Amino acid sequence: MTGTEEMTPTEGPAVNSRDSLDSSAFDTAPAGDAVRVTGVDKVFAAKGGAVEALSGIDLTVGPGEFVSLIGPSGCGKSTLMRLVADLDQPTAGTVEVFGKSAAQARRDQDYGIAFQQAGLLPWRTVAGNIALPLELHRVGKAERKERVAELAELVGLEAFVDRHPDQLSGGMQQRVAIARALAERPRLLLMDEPFGALDEMTRERMQSELARIAGETGAAVVFVTHSIPEAVFLSDRVVVMSPRPGRVSGIVTTGIPRSVARDEALREASVFFEKVTEVREALHGAPVAKAAREQR
Amino acid sequence: ACGDSDDGGGGGDGDLTEVTLQLQWLPQAQFAGYYAAVEQGFFEEEGLEVEIVPSGGDIVPQDALAAGDADYAIAWVPKVLGSIEGGANLTNVAQIFQRSGTLQVSWADSGIESVADFEGQRIGSWGFGNEWEIFAAMAAEGLDSESVEIVTQDFNMNAFLSGDIDAAQAMTYNEYAQLLETVNPDTGELYQPEDFNVISYEDTEGAMLQDAIWADTERLESDEEYAETTVAFLKAVIKGWAFARDNVEEAAQITVDAGSAWPPTHELWMANEVNKLIWPAENGIGVIDEAAWQQTVDGALSAVNEQGQNLITEEPPETAYDNTYIEQAIEELGDEVDTTGADYEPIEVELTEGGN
Amino acid sequence: MVARIRPLLLGILGLLAVAALWEGYKALGPEDGLLVGDNRVLPRTTDLAMPHVWDIVQRILEPATSLDGAEPLWLLVAKAAGVSLGIAAVGWLAGTLVGLLLAVLMQGVRIAEWGLLPWIVLSQTVPLIAFAPVVRSWGSRVEIGGWEWPPWLSVAVIASYLAFFPVAVGALKGLQSPERTHTELMHTYAAGWWKTLLKVRFPAAVPYLLPALRLAAASAVVGGVVAEVSTGYLDGIGRLLVSFAGQASGDPAKAWAPILGAIGLGLVAAGFVALLGVLLRNYRRGEATA
Amino acid sequence: MATATTVTTSVTPTRAGRGVGQVLRVAAPVVVGLAGLFVWWLLTDVVGVEEYLLPGPAEVREEFAANFDAIKEAATTTGVNALFGLVAGSVLGVLLATVAGWVRAVDGMLAPVVASIAVVPIVALAPVLNTMYGADSEYGRRMIATLAAFVPVFVNTLRGLRQTTPIQRDLMRATAAGPLQSFRAVTLPTAAPYAITGVRIASSLAVISALVAEYFGGPRGGLGAFISTSAATSAYARAWAYVGAAILLGLAFYVVTAAIERLAQHQWPTTDAR
Amino acid sequence: MTGTEEMTPTEGPAVNSRDSLDSSAFDTAPAGDAVRVTGVDKVFAAKGGAVEALSGIDLTVGPGEFVSLIGPSGCGKSTLMRLVADLDQPTAGTVEVFGKSAAQARRDQDYGIAFQQAGLLPWRTVAGNIALPLELHRVGKAERKERVAELAELVGLEAFVDRHPDQLSGGMQQRVAIARALAERPRLLLMDEPFGALDEMTRERMQSELARIAGETGAAVVFVTHSIPEAVFLSDRVVVMSPRPGRVSGIVTTGIPRSVARDEALREASVFFEKVTEVREALHGAPVAKAAREQR
């Protein structure tokens, strides 16, 4: 649209391409899409009458793809994510995860999930929190221990495994939540504003880490956020939603390949600013103050 | 509420002297004479305005008296002996009940026929200082207080009826009637006296004097008006009890009206039985019999409870009782009232289920 | 509509279930209760120990005694419960006042909290009966002008002794509950201790205070009834409890009337506080609904 | 006008202040206690309220020493009853609260029953329970202590069971945890500190109820029975010695359960991890 | 540094310059600075030893000036603001507000304050919350009512004065808090991350509103934030702080005059991106990945 420069990969540090993945440690990507949402409506019965939270949603997330959902408060982002996670059921339409029903995928633990609040169990240590899903699925003690160590290292918390959540900063807690979501090597990560409660600087650091982790594990990610730069920085595609009723109002493909390192340099790259502007405009419905911008 | 400013004793018309009488339980026919004296205006005739204060579980009448909350109190002699040794300065001015009304009731087939049979049994008692007669009687039989198991009875005879107690403490005028008002589930009829063995403490060495009128010793000595008021008070009380003797039904009704919650036949039974504890009074009502007093003191000295504690350890002071006031009252009444009840005959009361 | 009466229906169902359990156990349980060794773990089922539910109901509807013009038992009990409710209300008010004053003192002065709170907690382990006679004795000596200390006031004072405790503790917690932003805001307005107390601490304490007041109401009733028994007060339900318990051998069902009356009395008292909560609902907006 | 603040407070006084605070925390209640003792002594020895009606501290202490064995035995009797009531009431409270937390209808049905138990005076229940369980048995009063302890445990546990956050519940569902699994992993640890707070509150109630229940029949031998017997015979110094033992017993229950509460809060912290 | 273009005022909607202010409605700016912080140290006694929260802070805020404080978590932003508000006292150095001591200024109600949490009293209506400071200072009922209406209009909540805080969205609550802070016409507004808890879209709207309000009232503002774009968007100067001990590590003058409308256009202007980058670099200590950027 406005940008004229082509995206040039930076010569940053080692690029974690999906090819370099240790495929023995993670499930290999299956044939078919990670998520396929078809014609989904969701209506909530509320006091003042029914609330049409989602209407006619169609969305597909490919294996290993990073898709962000963005939109004003109340547009149904969380609702959509909860349908994928089988935490709620659609009023109409179908949700498929790796070709199965959402419920089956949940029972098979095909996804891991993280929320805005880290939602750690305060009485468990970092290790205990990460191990929780493993414990619930009767993974043996030795294996559990090994896996926890692996995950703690992945999120950079090796030194903190014996701490309790209240002894960690917000960013560290969020990392524990991510490690927990990854515990069972899911091929799909669902994240609902996981960095919403963090301060901006911590948030930027966490974004880079998430990009790295998503790359290393090769998991597909559905990521809900309010932050345009965050969405652009992380995603292959940004799905823009509008409210009342919740609809997909636009999809922006960032065109920033996985092979580009998510680092400081990207944040200051002009392609980044352009995509931010593009998403902002998609969000506001029309190219705002386009005239003014073009003047400059 | 009064006491400090008693103006003038008996007889005078003018202002009435305010007097407070502290009872040892809720209103019931056990106190029929006092309520009758109020209702019949006997106190007023003597220039007194008497307020009768009932007591609940934790109000100790002799302490209310010692603390100055009341001018006179009704209490059992052994309990007050304990208080006197503890430091209270009180005088028994009228021994209204001449006999002990305490029974120990067991089932007819239990084999408990005397205090000597208590050994190894579960013996019921209310506590609250009502237990000393038991220990005194046992001591007289050479029984250690630890040779029985003392069980606290509550307000009714259910513990005995259910078999939790082998021998229950009972007042002739109250708990014994409760038994006779209860339906025997085996027969469908009320229990009969034949169903029980009744040991009366009056027949044992342990018998102790019960309801007496107590006054403040120091005030008797130092406050002439109080001494006069005492005589006036006793005169009215005598008239009251004489009325209760001669009009049992009316007396029972008076206590019901005064707030007794007992059903009518039970109340009547109580009024009748209480009369039996008072009348006939050979030396005149309220006059303390030296032998009975000494027996009470001896019993109190010998009794040891299951905690190894004594009620009293030495003879009470001479001031513990004083017959002069009651004798003066009887004398002043002269022929106006029959103060001995020599030809007293109790009435027959037919008990009904629940006393209703 | 259905949602509104649902709790009521469930509540009635619950009470019926208790009655059914009572009768069921009475029908099936051993006459002498369940004995494990010498321990009677489950109660006896005789009519003396557990009268039939319908016998109790029937007895309550009958006159209290066979005396001419005797009131029905329920009316007698209801009247006595009314008297006790009035006394308990006075005790509740007095206890609430004392509790609030203590709480304000402890909130304002740290050392007062440290010095008093342990003793306030300890005060509740002193059995009432230990000082019931003292209260009555001291009360009987009070005479101001022509006014004499009435016996019911002793009962109210003892009731207030139980009632003040939850209020003191709950109010203290409530007064300490405002967020720092709120107290600091008052500081930036250069508002002093008193204004902060009035505008922030008291309103913020309401959600803590209401459960405390409800507890205090129940305590005032329980304390009041015990005090009635203890001091021999004649017109309340405590007296009926004692008297009718005394008639329980010959008339077992009668003894249950004042027990049910006492429970009803407590529920009414707690209900009044719930009403208070409705009046103060604006101050309870922060409360979780769960 | 331009009076700028130049505060140069050093750090040390504040630190010393912390130490002083610690000392005051302990000293303040002791001082208040001593002041109370002083007033008591003043009333008896200086103002001269009759010793017969209000025994002085020294007399009570003497009686306490003189009857120490009897007091110890009585305290054991009452203490065992209170402990039984506390344990039974707590178990009952936790069990019923768990059921009520699980099935809403049961909660609705239990509501009026629990509310009634919460307001029923001990005096009312003691005689009927004594008849039901037998006057020769401690179980009547143990039932009373049980009922007294039951209410706060039930109420607090039920509240605790409802404290799980929506996130935690979602998390359990998302990890495909079964109902029992999520109960063990989330609901129980969340509710535990609440339940134990209930037990702490119940501890004082259990003691006082066990004690007061002794006034209304049953086997003799507990503190309550001896307080009443002593007071009835005007042995006030002895009565207060027993009352003192009752206070100590209540204190012991309180201190132990409060310590357990602390441990529980440490074990299962409720502070929202943020 | 990096920017080469000059700032060109956009031809946006009506510009609220300070000159257009109705000076009868607001106290006129006094002679001298709004805030003058000189050589301030602040040491907290903590369990693990003393924490040097601030060290050698010198800062001056001119009358009507908008100054943002930015820096990583724990660098002492809040502490500094609390010293200005006399909610805490400095260990060394002086704090002057309008030439008086901070304490005197607080007593004279020379400033209004707003925190991250709106901190509304939940039992009071919107009107009651706004009126609180007026009530405390015994402003008459009629005058209070008038002023509340005025303020509610200023923050766009005329229709909501009778609502309670729990019936408002986060953004609306924050507006009430701002109205409350303005109630007594302070010449200085202190705001500690007032938009930290809002979602990004609401936040952007609130930023524009704050800029308008600050312009209309002519008050000086000290504004604590974690967000670089927010700081740049709003401020005349951005004060960058660094932690352990808290120091001022740089000051960026945005050069965006008050006369420029704070609107969507500004967010997409290149001068905005440049200043964002400049603050980011000041924050990170060194021009990060400068080389990489210059390549493009």
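Odds and ends about this structure:
Letters A, B, C, D and E mark the chains in the order given here, with residues in each chain numbered from 1 onward.
In this text, a residue touches a chain if its C-beta (ideal position, glycine included) is under 8 Å from a C-beta of that chain, and two chains touch if they have at least 3 such contacts.
Only a predicted model underlies this, so the values are computations on that prediction, with no experimental measurement involved.
Contacts with chain B and chain C are shared by D.
Note on connectivity: the fewest steps through touching chains from chain B to chain E is 2. Using the average of C-alpha coordinates as each chain's centre, B ends up farthest from chain E.
By C-beta contact pairs, the most connected chain pair is C-D. The distance from the centre of chain C to the centre of chain D, each centre being the mean of the chain's C-alpha atoms, comes to 17 Å.
Each chain gets a centre from the mean of its Cα atoms; for chain A and chain D, those two points are 50 Å apart. In this assembly, the C-alpha centroid of chain C lies 53 Å from the C-alpha centroid of chain E.
If you average the CA atoms of chain A and of chain E, the two centres end up 33 Å from each other. The set of chain A residues that touch two or more partner chains is empty.
Each of the following residues of chain D touches two or more other chains: 53, 127, 131, 134, 137, 215, 228, 231. Under the contact definition stated at the top, the residues of chain B that touch 2 or more other chains are 57-58, 60, 63, 67, 154-156, 158, 162.
Against chain D, the residues of chain B that register as touching in their complex are 57-58, 60, 62-63, 66-67, 79, 82-83, 86-88, 122, 124, 127-129, 131, 149-156, 158-159, 162, 164-165, 306-309, 311. Residues 24-25, 28-29, 31-33, 36, 53, 105, 108-113, 115-116, 118-125, 127-129, 131-134, 137, 139, 162, 204, 207-208, 211-212, 215, 224, 227-228, 231, 239-240, 243, 246-247, 249-251, 254 of chain D are the ones touching chain C in the complex.
Chain C meets chain E in the complex at residues 179, 181-182, 184-191, 195, 199-200, 203, 206, 282-283, 285-286. Contact residues of chain A toward chain E in the complex are 5, 8, 10-12, 72-73, 169, 196, 199-202, 226-228, 263-265, 267-270, 273, 277, 280, 283-284, 288-289, 292-293, 295-296. Residue ranges of chain D in contact with chain B, taken from their complex: 50-53, 67, 70, 126-127, 130-131, 134-137, 214-220, 225-226, 228-229, 231-236.
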